[in-house]
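There are two complexes below, and they share chain A, which is joined by chain B in the first and by chain C in the second.
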Partner chain A sequence: MQKANKILEVEQLVHTYDTGSMKVNAVNDINFYIKEGETFGLVGESGCGKTTTGRMIVKLLDITSGTIRYKGKDIAQIHHKKELMKFRREVQIIFQDPYASLDPRKKVRDIIAEGLDIHNMAASKKERDDIVAELLKTVGLNMDFASRYPHEFSGGQRQRVGIARALALNPQLVICDEPISALDVSIQAQVVNLLKELQKTKKLTYLFIAHDLSMVKYISDRIGVMYKGKLLEVGEAEEVYHNPIHPYTKSLISAIPLPDPYFERERRRVSYIPLPYREDLKLRELKPNHYVYCDDAGNF
Partner chain B sequence: MSNIQLDVKNLSVSFSTQAGKVHAVRDVSFSLHKGETLAIVGESGSGKTVTCRTLMRLLSKNASIDAGEILLEGTDILKVSERNMRHIRGNDIAMVFQDPMTSLDPTMKIGRQIEEVITLHRKVKRKEARKRMLELLQLVGIEDPRRRSRQYPHEFSGGQRQRIVISIVLACNPKVLIADEPTTALDVTMQAQIIDLLKSLQKKINTSIIFITHDLGVVANVADRVAVMYAGKIIEIGRADEIFYDPRHPYTWGLLNSMPTLDTSAPSLYTIPGAPPNLLKPPTGDAFAPRNEYALAVDELYEPPMFQISDTHYAATWLLDARAPKVNPPAVLNKRREEFIKRSGLYAES
Partner chain C sequence: MNININQIPKELFRFKTTGQDTAVKEEITPSPTFLQDAWRRLCKNKGALASMLLLTVIIILAFLAPVIAPYNPNTQNIPHANLPPRIPGISINGLNGRAQLQGKLIDRYALAKVPADRNYLFGTDEFGRDLLSRTLYGTRISLTIAFIAAILDLTIGVFYGLTSALKGGRVDNFMQRILEILTGIPNLVLVVLMLLIFKPGILSIIFALTISSWIPMARIVRAQTLRIRNMEYVQAAVALGSSQVRNAISHILPNIAGIVVVRAMFSIPSAIFFETFLSFIGVGMKIPNASLGTLLNSGYKMFRIHPYQMWIPSIILCIIMLAFNLFADGLRDAFDPKMKE
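And now, the complex of A and B:
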């Protein structure tokens, strides 16, 4: 792969939730970058901070400390209305739950066109309808669906509406926050195919957040593995899956269920017991482009 | 046969809705042997959850059981009075639901919730129930049960909550345990732990398990036998190795094929075209025909019967008829089968 520009750089990112009685570092000093046109997969168990990271990138959550740079610019420094609008157009998010992320009282047309209205991107009602029809076609939905309500659709169809909404503003970076976890296996494949195809035709960059490792491996160019707010391993998808270095990554990979009873009967799961936190642990490049969270001597 | 724990015969269930009658389960028959795990797989809306709720007689008011019988060790539980059914629920058949968030009472300490079940079903004193409750929590792997039993559901993680639900279910040592997508809301590591827990408990108390899921990876791990449902019918049933390495129904092929393995690098994943049929008016002929690339002319007219492939393996597709043209399953599945044969040759089972 030739050298592409880094569209997103995350440095020493921290997010702290203050519950009143205690402070939780949901994201604790993570560093990674995403190159233009690639898919970066972020995997980890629930509660590891992957969604929090995604939400900070789209400015739905404030950054406690550290920086996120989008196209070289610190997103915390985007205050000016015009700049902020531009950022919001270019960075979009697809949410996990297609049942909760669509307003039940709005027609599909208005859900998809909401961004167009806010950003004054449709000059007339006709142009607005045309754009919506085009988007519905792009995501493989019937154009008549525009005047229907979300409850009339299945989970897979709703997720397509969510994708159409994210695409409406011609974004460059799309955060996919577990877009397939709530869907059936056969529908998952459809949505993943759609996302891949859109990436090709629209030159999109994805941050793909999920806990389903086989799907993430399939869709991603590079992968980051998160655990309790820390990024433990980053590298090319093939490399991380076939030569995992960190014990947590090994345990995750050993737990992936495969449709193969013989394999499942013989499988040995590796369990992971985290070591106590030490100051000298950080993400180090152990192999070219393969980073692992460890100390100087390579201990985890 | 005494080996059969539960026998479902020609079960049909429908729901009356404003739009008409929805035929959710259509002529489903299967049996569950003692101590085995039967997995039921299928897309959402294929009738797997309705089938199992019927086994518990937990259907909503607009549902009607149109035909069939459910024999639990010889007694038809569809004919049992509601009063007696209450005794069967929990004692004989128990169910673990998909979402552990909603199946526990958020306002009640979890210790009380478990004790409640014990005192309801067993005539024991409070003190004894409490002792049993602590044992159960220990059994499902909750650390420090004495302290944790005084906590509320929101103080537990998703995986721990599911463990608690399982401990409630186990309070009465049920003969049949129905697990309705118990791991869908959990991530892979938790999922693996819950499955291991269920398997080890099954060995200990020798329950039969019906495991509902749409995740074929999980099925491969837990199931002795697998039933594939589509549009309210069982379209293929057999031992796990038969379903995974020698599937015969094109729908099963599609399901297996649409799941990527770690070696999948094809530019796009296989998908089954189209959507499931509307069960308001089930189609004549084979319900899967419009989505089936191997569909025959006869599929449009007549519903295929169950063809027998082996003692344990049945599938409902006209492709198995002697007059049908020979169709090979997708290449990927053939490859998988060859690998299996190769391996089982290496590690020949006794």
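And now, the complex of A and C:
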């Protein structure tokens, strides 16, 4: 695993939302990479640029500056139709809101088979139905659900349909854009376990975006912590969780509730007061494989 | 009892495997399609259903006019002029051929020496033309214009709105400015000006409709497309490799179909009204040809003496307008019940 190839490299990535009167750097100069077969968790509060990052990686949003390399190839340079279709097949996304991400006018069968139709991957109607049935089974849904409409399902079931749709093309990299934050806790566990299981059987690589640090720690091999468009800390999941260096990460971890009244009584939330922006702040490797956003002297 | 999470060995921690939510094997019947659902809801709406049946009858009668009209609508028969309605077997004053003449009820048919087997169910006009036939033909013209307006809405309006919204940016800006210019042209002035080139008639009315009737539809489709385009299911389709044309056809159109159909239904009565209005002020249909507007025009002049000449086309017009509006309302409720997400 340690020597695995980098499937995705993100360098100096910037995305600016231009509203005409105001420019907002939603993603501001971030660098990270994802190795083949691992799960990279991206955490941060609402509006810190996690989703923007994810959407840029699947080419749903344009890159303002910087590069994203998928398997060593700059994705901004993918113009040729054939190449683009190959990229679309290999990089898929699971959306946050299972109520908005399924077309209400389509049956589950057609939703899941959409990718197959676009890429002409099913030779006959029979084959198409078989693939859909197989996918439904994979995500733990009843095959007979194929002829139903999304509004007849619960949130967890819908999210499974969304996962099946992403898996239909046999992707290699899956961007999970807060796939569990719209679900309640018991369903979250089901979906996360399903994702883990699928990773094992289908050798998937995940970019797992969430705002729940404990859930991210559970699923991820490495974690990146984002705040206001910047990556503040990147490292192995256990390391970041147990030995956080950056005060923002510490603050995040101090906010996680534990199901233990004695611990909870003494838990004190550490609040984070960001320092003013300085030129010399950047991501530095303070410990092996543990990067922190700081200046030369290790101040944040 | 002091349980600290740190005292519990890490290895014991395991996510509880919850039961699969599909464990219960149930009989699953295919769910009704969107159209079946909408139809079911429409059937529950008595007003809309009655309007639909009424409209069907009116449409069939109007388009069968050449077959069922008892007389030629344009043949004048001066001796039979201004006869009130006479329906055989009914002896209610007003429907039995009697009418007031110098303060007395007189059988006008006997006065005009009309054969006993010749009945004018809706009466005749000042030139002795059968009003039933004229009403049938007139309704046919009005409905034709209405359907042309609806087709323009569905083709130009939808296409324009979709293109504008999906192209976006400068193209969108340009297309919207064109719409604003077109909205700025006063319809009535345009039709009057066209009388300089065309003879008054169905062509100039259609031309006037072509210029402006689809504009509200184009705006609605654009707004709805902009809304749907950013929905996550369209984004998901893009991520799957779907092209813009495919998105428009397979995601956007089905999701705005309800709104589009309802809007088209609402544009029908306004087109009928427009035609009637033009004909009424004399810039619409050419003279001998009947339309609801020309019937009203000639009827209102005789209203004090022969009220039936205005009553009948007015009632028909009201019924058509009301039925289309009720039906469109019913369709809107059926397509957009707001009960499901």
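Following the convention adopted for this analysis, the second predicted complex is superposed on the first by the 298 of 300 C-alpha atoms of A that agree within 3 Å, B and C clash if a C-alpha of one lies under 4 Å from a C-alpha of the other, contacts with A are read in each partner's own complex, and residues count from 1 in each chain.
One rule holds in what follows: contacts are C-beta pairs under 8 Å (C-beta built on N, C-alpha and C of every residue); 3 or more make two chains touch, one makes a residue touch a chain.
The shown structure was predicted, so the numbers you read here are calculated from the model rather than taken from an experiment.
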item	value
Chain B versus chain C as contact partner of A:H211, first or second or both or neither	first
First, second, both or neither for A:H79, with chain B first and chain C second	neither
Touch count on chain A, higher of chain B and chain C	C
Which superposed partner A:R268 touches (first chain B, second chain C, both, neither)	neither
First (chain B), second (chain C), both or neither touched by A:K126	neither
Partner chain(s) touched by A:Y241 [first = chain B, second = chain C, both, neither]	first
First (chain B), second (chain C), both or neither touched by A:S186	both
First, second, both or neither for A:L258, with chain B first and chain C second	both
Shared chain A surface residues [contacts with chain B and with chain C]	154, 186, 189-190, 192-193, 218, 258-260, 262-263
Touch list for chain A against partner chain C, complex	55, 58-60, 84-85, 88-89, 91-93, 95-97, 99-106, 111, 114-115, 118-119, 140-142, 144-145, 147-149, 151-152, 154, 156-157, 162, 165, 169, 186, 189-190, 192-193, 218, 258-260, 262-263
Chain A contact footprint on chain B (complex, rising order)	43-44, 157-158, 186-192, 214-221, 223, 240-241, 244-245, 254-256, 258-262, 264-265, 267-272, 275, 336, 340, 343-344
Interfacial residue positions of chain C with respect to chain A in the complex	2-5, 15-18, 20-22, 25, 28, 30-31, 34, 231-233, 235-242, 246, 251, 254-255, 340-341
Chain B-touching residues of chain A, taken from the complex the two chains share	45-47, 154-155, 184-190, 192-193, 196-197, 211-215, 217-218, 241, 251-252, 255-264, 267, 269
